[in-house]
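Same chain, two partners: subunit A is paired with subunit B first, then with subunit C.
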Partner chain A sequence: MPRLREVVFGRTETALIAAILVTAVILSLSSPYFLTISNLVNLVEAYSVTTILAAGVFVVLVSGGIDISFTATASATQYLGAYLATHFGFSAASALGAAAALGVALGSVNALLTHYLRVASIIVTIATSSIYYALLIYFTDAQEIYNLPDWWSNRITFLRFSSASGVVRITLPIVVMLVVVALTEYLMRWTRIGRQIYAFGGNPEAASRIGIGVLRVQLLAYGYLGLLAAVAGFIQASRVHQAVPTAMAGQELNVLAVAILGGATLVGGVGSMGGVALAVVFLAMLQNGLNLVGVSPYFFGILTGLAILVSITMTGFAERHARKRYAVRSV
Partner chain B sequence: MTVDSLASADAKPFLALSGIGKKFGGTVALDGIHWSVDRGEVHCLVGENGSGKSTLIKILAGVYAPDSGGSISIDGSRYASLTPSQAKSLGVQVIFQDLSLFPNLTVLENIAIDHQLHAPFLAPPARVMREAAGAALGRLDARLRLEALVRDLPVAQRQIVAICRGLAANARILFMDEPTASLTRREVELLLRTVRRLKALGVAVVFVSHRLEEIVEVAERVTVLRDGRKVGTFPAAQLNNHRLAELMTGARITHQIMARSLRDRRPALEVRGATRAGEFEDTSLVLHQGEILGLIGLLGAGRTELALALFGMTALDSGEILLDGARLDLRSNQDAVKAGIAYVSEDRLGLGLNLKQPISDNIAITVLDRLVYAFGLVARRARSRLASSWVAQLGIGAPNVEAPVQTLSGGNQQRVVLAKWLATDPKVLILDSPTVGVDIRNKQGIYGVVRRLAKEGVAILLISDEVPEVYFNSDRVLHMRNGRIVGEFVPGIASEHALSEALYA
Partner chain C sequence: MRVAPPGLSELNGKLSSELDRVIGSLRQGAIGISGLLALLAVLIGLFSLSMPTTFPRATTLQAMMFQIPELGLLSLAMAVPLISGGINLAIIATANQAGLLMAWILTALMRQDTNGATLALWLFGALAAGLLSCIVVGLVTGVLVAILGVHPILVTLGTMTLLHGLSIDLTRGRTLSGFPDVLTAISNRTLWGVPISFGLFAIVATAAHVLLTSTKLGVRIHMIGSNLESTRYSGVDTRRVQVWVYLISSILCWLAAVIMMARFNSAGADIAQSYLLITVLAAILGGVDPYGGFGRIAGLFIALWMLQVIASGFNLMNVSPHLALASWGVILLLVMAVKRFTPALRLAPRMRGSRSESPAWPGPNRRPENPS
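Let's look at the complex of A and B:
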């Protein structure tokens, strides 16, 4: 049997678990409120949108690409859904269906451009991000939509119970987030296409030589991110009760940071959904804890940056060490 | 079926090509190739760059369709052309020089990737993959941990993974493109053992190379291609390096021994008792003006390490270096360049050249200081003039000096590196494996340049692990092993054979 630790946890995951435990101990000692169930559940809900987006970005990163345009996609799909629901009375299912279709379409445009133009995906998606946002503002005149239907703006609670620290609600965002994380993990680890995305990210040339459909892999990765961007857009609107054309502008780097801290790299082929989820937990705890202790929110940005630098440096060291051990003759 | 017909079916070659040709636009890449490989045969396919080897492999792998008129017969069935999936299902597997593995995946996934590829939606269960991978490794009698990541394996083991991937996909004929290019001697031995094992399993192996190499030891037949035509197929036992080189180039290459006696010349570079812990010990040598001194040793003998110290990249623990009789204190390679020492590294593509930049910038980089005029700006015209003069002197085949270096052939790229260092007007030139990856015709050109430089008075240290290279191009040859100089040979007095015996002893 393969060693369990190797299959489930790599180095990044182990390090993150350690970091989480240390942070949890320190914060619970400095603030009695931190380690209460209601605080933790609120925290999870607050990070649900980030996690859903990070799951999609993770898949694109594994495929060896990067996508900057997903917040534009999320904003556009959210707005489309809200517009159809308010002006044409679309039901939840049909509004979400239309939004999802738009999300997949916008993601696919990124995949097609990256594939056929043979340009780095970061350039392509910076360009499409600009285009998507501009089109969105142009068609909407930057008008917010406030009067979302009830099915959208009412808080949906699946489970509710009281605890010593107050009422705890397991709400729709939390459930959707858990489903997305589980689905992504399943797709990437156990399905043929998931393994092909890893293979393609590891060595695109070899992947096409052995007959992996390169365009298909890219369409699936970017399309999946587009789909999750639509889901995230809906959840975000349900939390703030409105659809705003620039709802998520500026979130790109936060989400990328989470995925990279979770073990994905810009080179592709590595990382796990579990690692990304752990990175969300770590950053959420850190931010919340610092808040409770009364540290300036700006300080959190510094810590996020440092955490990423440390994690990348550690990976770099490990790789250099491995290369030294197996010095390869260059020709 | 009678015993007779069985025997004759068996005697038929596994793969037979008849009249295979391929044109790209107006260029003829392959012309009327007739060729066959038997079941379980080990066959070498050799030719220089551009001789048509790669085109031939790609036709057999189904990447290219041959021009009409020819036929490919595999295991008794005839085809006008193959598709990639057809080629695979017939058992044709190609292992490219870069091995095309997935460094981020495990040994298990790499070997059994074919199973994964044909799965419906779910990846096949781990058990199925383990069986397939285990079986392939077992057939080779190789032991590798299935959960190890391929990026953590040394090259020789990666090669085994690539071969196993072919076996797991039911390979019956395995093409290996330049399989020994990045292996050490010991790893080559391991590869040869693996190949014998494949042969015993009835898998035919075709080595594709532009070098004359160790593999000839296990091959039964050798087929030589030149300019898209087959020169012939020969029993391996009847060929030696010399004959093979003639067949590949179509020209009789005359090796002329240098071996001038230059002991009365003034020493240019002297090394006395140089030691660097773990790299080389108590090394002394004298390199005279205008002399070509060969330094031969196997990988790990300390030859490159010594060269790096002479070039100021590393510091000596003890001992001294003298240039023109004066003691040199090298703190960096900049000191070395100023003193008149130039070093052409072994890894010219990684360290020696900026491939995307034009030839002129690559040559001028070492002497930018001299080309500078007001405000630190580089004089464009002076730069072009400098580059053009070197392009002419070294016979670099390039459309113009502004062409990016990556558009040149390997041999011409190597000349650009030489030009870059010659522009510094060195007294001592250290050449580390100057013809690795360069084909025979271009090798001769580079040797010509080196000899001419020596005649002009440059002292040259020629480092290599190829016996003929140092034997035919040096005045003297030093043999280095385990960080020490263990012998001196004078070509013509000592035989080439004696040198190679000493090297591989």
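Let's look at the complex of A and C:
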């Protein structure tokens, strides 16, 4: 039987599931509205953009890198798509294609600079983030684009049904989010390149000696995040019906915190898409539940901070425990 | 005084001191102090040539001195943890919570018509309360970093979120403004032509320089940044050093908070958020090694002047401030590229282990190799 300490300080996913269950029980007891289908579905939709971005950040974190510039990428791609669609009448597919190409390109710039300058990726992406943002604001004058075409701003519903608590709509953001999560899970767990990303993040030196294409791995990780940033940018604009160059500024550390809470580490090679998804669920439930119970929304930041600190405290003790065990064995 | 003929031992001594000098200059980080000074001179020269009537003037210099202190103090607060191999993402949140506490005391508790000795007492009390709150934040952060062994980027991401959340929760997002003139004088009065805030910053920067280069603690901060484990094995209480690092960083945040209150005449939870990443940019541009262990406050000081010269120059040329921000990023990348592709400098940061592929942040707490 596993000892209590191993259960508590064990895998992040187990801890998150436990935390989610406890929160769910408490919240459903204190608010009858919490455990209704329409509430849960709305919750998922509200967190779709964060989840999509967190999936991309997760891939970069597994590769041993870090990226601060993805919100700048998301804003730039969103604006490009909106500009092409409103000024040149681009169709949905071509606008999305252009935005995705820009996203992949901006991500690849990060990968190339990190690779060839041999500088920590956080520095490269801090630099590129300020460059991307500054150029975006410079060229757009921080002007919003309001008149998005119908295909973009109309709410696309895949499935609607009525439940006891009201009409439930499965909308585009939810579907896209699910596809992204499934795709990332498949990419990271079942494909050769996914396993190479884990190997490279775990030990770059060893990975390159067994013949893993180092530049290819980095290009894929940062390019994938760039692609997902473009997708997230489109979804975000469709939810608020406008493209605002500064809409996502300052969100980068929040998304990073979600990925970290989900078990990804800064040294790379560890983490799972499931863990990141669970972290989103946990934070979403916490925020929504507190709203329903009547706690001030201003209180949420304090709770997020506490959740991060508790989570890293548990990881810290788990790692120290593992290290101790290793030390004893190696003597 | 007797002049000895150059003997063999003297030559040896000369050679080794020369070698020390070369290695020392290599260790100074990006492109060395002299390289940064040259770059600064080039920038000043370029702007002076293109705007001979407006740029090279005392008023421009004074305007720049008014603007440097707040980013400067925050960059100092970032540089100390960076040199120790860590990072403090919570500097802005720490400064803002201290600023809010001081502002709350001065606006809500103190009567507005207070003056004279009573006012001095209130001011002293407010400043002391802000300092105390920063000391608490620094101690908690330092202790968490020291006992958890988790990378400081995570710990301070947590404290940042927590402190910002606290400030938001207590203020409901409002800002507090309207402080006594004595306080705002720090950022709008000059003493012999030098803004008081700049004088304060220069003194603090000098003190930080002395602390980092000439005291036991300073050397140990460099040592844990270079290699935490071997520092511990050489008998240094590394945890105590880590607590000091975050304590110093937080106290610098308090000074930044005072300057920001004086400059903006207001305090809020979301003030100066965009400075966070720029402080990292400034520190690294100034030659602080992001992997820890190396870095000079003098380099940071020059880097701050470079950033300010670009910002002020662009401003005088009526170029968008956004392009100034973009050019800061470009300059950082250029400096990194020069460092990477200049053969003499390439050796320098690679002396600690193989770093053929840079991971995001290989701090002192990299996981142990896989147990087999």
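Quick note on the criterion: the second predicted complex is superposed on the first by the 317 of 331 C-alpha atoms of A that agree within 3 Å, B and C clash if a C-alpha of one lies under 4 Å from a C-alpha of the other, contacts with A are read in each partner's own complex, and residues count from 1 in each chain.
By our rule, contacts are C-beta pairs under 8 Å (C-beta built on N, C-alpha and C of every residue); 3 or more make two chains touch, one makes a residue touch a chain.
Predicted model, so just to flag it, every value in this text is computed and none were measured.
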Which of subunit B and subunit C A:G194 touches, first, second, both or neither: first
First (subunit B), second (subunit C), both or neither touched by A:T114: second
Partner chain(s) touched by A:T128 [first = subunit B, second = subunit C, both, neither]: second
Which superposed partner A:T304 touches (first subunit B, second subunit C, both, neither): second
Superposition-derived comparison: subunit B or subunit C, residues of subunit A touched: C
First (subunit B), second (subunit C), both or neither touched by A:E205: both
Contact residues common to both interfaces of subunit A (with subunit B and with subunit C): 201-202, 205, 268, 322, 326, 329-330
Touching residues on subunit A, where the partner in the complex is subunit C: 61, 64-66, 68, 113-124, 126-131, 133-135, 137-138, 200-202, 204-205, 208, 214, 250, 253-254, 256-257, 260, 265-268, 296, 298-306, 308-309, 312-313, 315-317, 319-320, 322-323, 325-326, 329-330
Subunit B - residues contacting subunit A, complex: 84-85, 88, 96, 98, 100-105, 108-109, 113-114, 116-117, 119-123, 126, 146-147, 151-155, 181-184, 299, 346-347, 350, 436-437
List of subunit A residues in touch with subunit B within their complex: 2-3, 6-7, 190-196, 198-199, 201-203, 205-207, 209-212, 268-270, 322, 326, 328-331
Partner subunit A, residues of subunit C touching it in the complex: 89, 144, 147-151, 153-155, 157-166, 168-169, 172-173, 273-274, 277-278, 280-281, 284, 290-291, 320, 322-326, 328-330, 332-333, 336-337, 340, 354-362, 366-368, 370-371
